[in-house]
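There are two complexes below, and they share chain A, which is joined by chain B in the first and by chain C in the second.
Right after this comes the complex of A and B.
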């Protein structure tokens, strides 16, 4: 049976630009939904870009649409990671690289601040203790 | 030594953020939802290190080499800080009676709770005399160690399926772990050797959830063995276009065309090489110009020649009409079958192809 026999018509035809799969546009809607959720409940959300069928052109398109924000965070932890705010506040583009510089994973994180940027209370406590120690030695 | 894991890691200079990043990558690799990364990190950070006993039987130590020489020692090594490796002959300092004592103490102290890793097959010929440790046959040692294990990880193709020792005519009567042990949960991590990230992924899953990951019908974790090499191969567009290298040095080979006609077993081999790659993500067999040998499938050594093209779509695909057609025609048939089988997978692996090329 050929596909024509099934009465289904594609309404949103994928963009004609070369390399685009048409999968990036629905992502924008999902991000907007996550933002609404963040505003209403404070709950954060993450989209694993490496798990989705996106072409390099899709990723470029998405990056272009989301734009560049004011904050760019670099994390040195077993290779460099970048956690950059997009022009759309609350939407962060997170890229993890290994020590060889290859991209291992890419996420869109919808949050006030990306999880990895926050300091953990336990780590803050350790910092405070060593500062106290330092002061008492002076 | 036995405090929460995050403290052990901190003492070794591994920061919380490094650990969080590792867990995020691991979760993505295992196709878990992104939120699982954080959950994993929290669960693993708080966990007390489970005892692991690693027994080497009829093997070449390639599996141990694979994991201990994996690319970023801090990363894969990290998982080894998460477990208490109480017995591993190749790595441990103790020898002789001391080593045997360590094994028995670990088994006694953690009865019913330890994780047993086995690499190598178990020879049954001549009452197991082909491979003995301390005067005892592998069979005897395996049965004893399996008794108190919570679960068993059969590491590598030998432990999983019998591997090369079992190849025709199987002089030692080699069998796999699951041929012998029937009453314990077993996960097979085949590969000759298996990919280090897959080994650590299974350990991380066990640490996080306290269970083994979801397995396929050959007891392999679906997260890593859910798709064929061919499904995710970056040369796949050439396969789909019927562009095949005919020799290892022809024009097609130079242009990076598909290696199907040179004997690539990618279409029938379930493994993660095409996405995880080898040597720190540097390359993998097909990328270096050689077809897949199918090393993570049972009896790969006897599968009819590494350089002989699959003449028909093998088992999982079962397309009768393509059985007599070789080369390009069979190529298209398999690709159609896979597409029918996997629905939307096409765009997915094409993505991988392009992304991989860009690296």
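Right after this comes the complex of A and C.
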């Protein structure tokens, strides 16, 4: 029997990505469940990334898998927050920074729109009253 | 009777601001009405600034009176759109630009959140299905 007759199967096992803890994939499953829940009941959900044992590589992997969306929100209030839509509509990547620019918390928010972007009735009422005053002074 | 006995009233009439057409003040009143309507009924409203006879000075005056808020949204879709909260919570200044960066339309939107920022159920459903596929391939 010549060597040529021995069948060779090449199995491509991808190299394990360095720095991955294995905690990111379950998160992706959880996000998918939260999306299903949003669609079925309208209920929103958040995952506090800062509270989980995730490596920088895990976060990068997760960000890569979710992709970039079309909408980017910045909020200036005691430091800058960014609330960026991912390529998965309804999944928002939320980062809060302090006044020095350091990341304080990081969330995944699954919602039609991030809670922080919505105007609150009490604030709208105050604004409307100020506007009335301003108009009466003109 | 001496001149000193004649009462003198100084009336301060502010100089008319150059370039103002007089169309901006009624708009401010309309915005206030739309805010009241939002608070009472939840109904949103828009004013198409591009369709009104407003001068650049009018727009500047209006922007100055409404002030700057904490939230700035950018949306990338066939050109950049900006949806910026004004200092009046619930009043959003919306500018759409084409791919060359030229302003195509400009709106005032009175709403809890600009319509364009909300994820739509159909898109969320598509995203959730893609995510499921992606997970099953991992």
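One rule holds for everything that comes next: the second predicted complex is superposed on the first by the 123 of 138 C-alpha atoms of A that agree within 3 Å, B and C clash if a C-alpha of one lies under 4 Å from a C-alpha of the other, contacts with A are read in each partner's own complex, and residues count from 1 in each chain.
One rule holds in what follows: a residue touches a chain if its C-beta (ideal position, glycine included) is under 8 Å from a C-beta of that chain, and two chains touch if they have at least 3 such contacts.
If you're wondering where the values come from, they're calculated on a predicted model, not measured in any experiment.
In the superposition on chain A, A:47 contacts chain B only, with no contact to chain C.
Legend: residue contacts after superposition of the two complexes on their common chain; A:124 is shown touching chain C, with no touch to chain B.
Shared-chain residue A:135: touches chain C; no touch with chain B. Note on chain A: of its two partners chain C and chain B, the one contacting more of its residues is C. By the touch criterion defined above, A:73 reaches chain C but does not reach chain B.
In the superposition on chain A, A:88 makes contact with chain C only, while chain B stays out of contact range. In the superposed model, A:31 lies in contact with chain C only, and not with chain B. In the superposition on chain A, contact is made by A:100 with chain B only, not with chain C. The interface of chain A with chain B overlaps its interface with chain C at residues 75, 77, 116, 120, 123.
By the touch rule above, chain C contacts chain A in their complex via residues 25, 28-29, 31-32, 35-36, 38-39, 65, 70-77, 85, 87-91, 111-113, 116-121, 123-128, 130-132, 134-135, 138. Listing the residues of chain B that touch chain A in their complex gives 6, 15-18, 20-22, 24-25, 28-29, 31, 33-35, 38, 71-72, 74-75, 280-282, 344, 347-348, 350-351, 354-355, 358-359.
Within the complex formed with chain B, the residues of chain A that make contact are 21, 23, 46-48, 50-51, 53-56, 75, 77-79, 81, 96, 98-100, 102-105, 107, 115-116, 120, 122-123.
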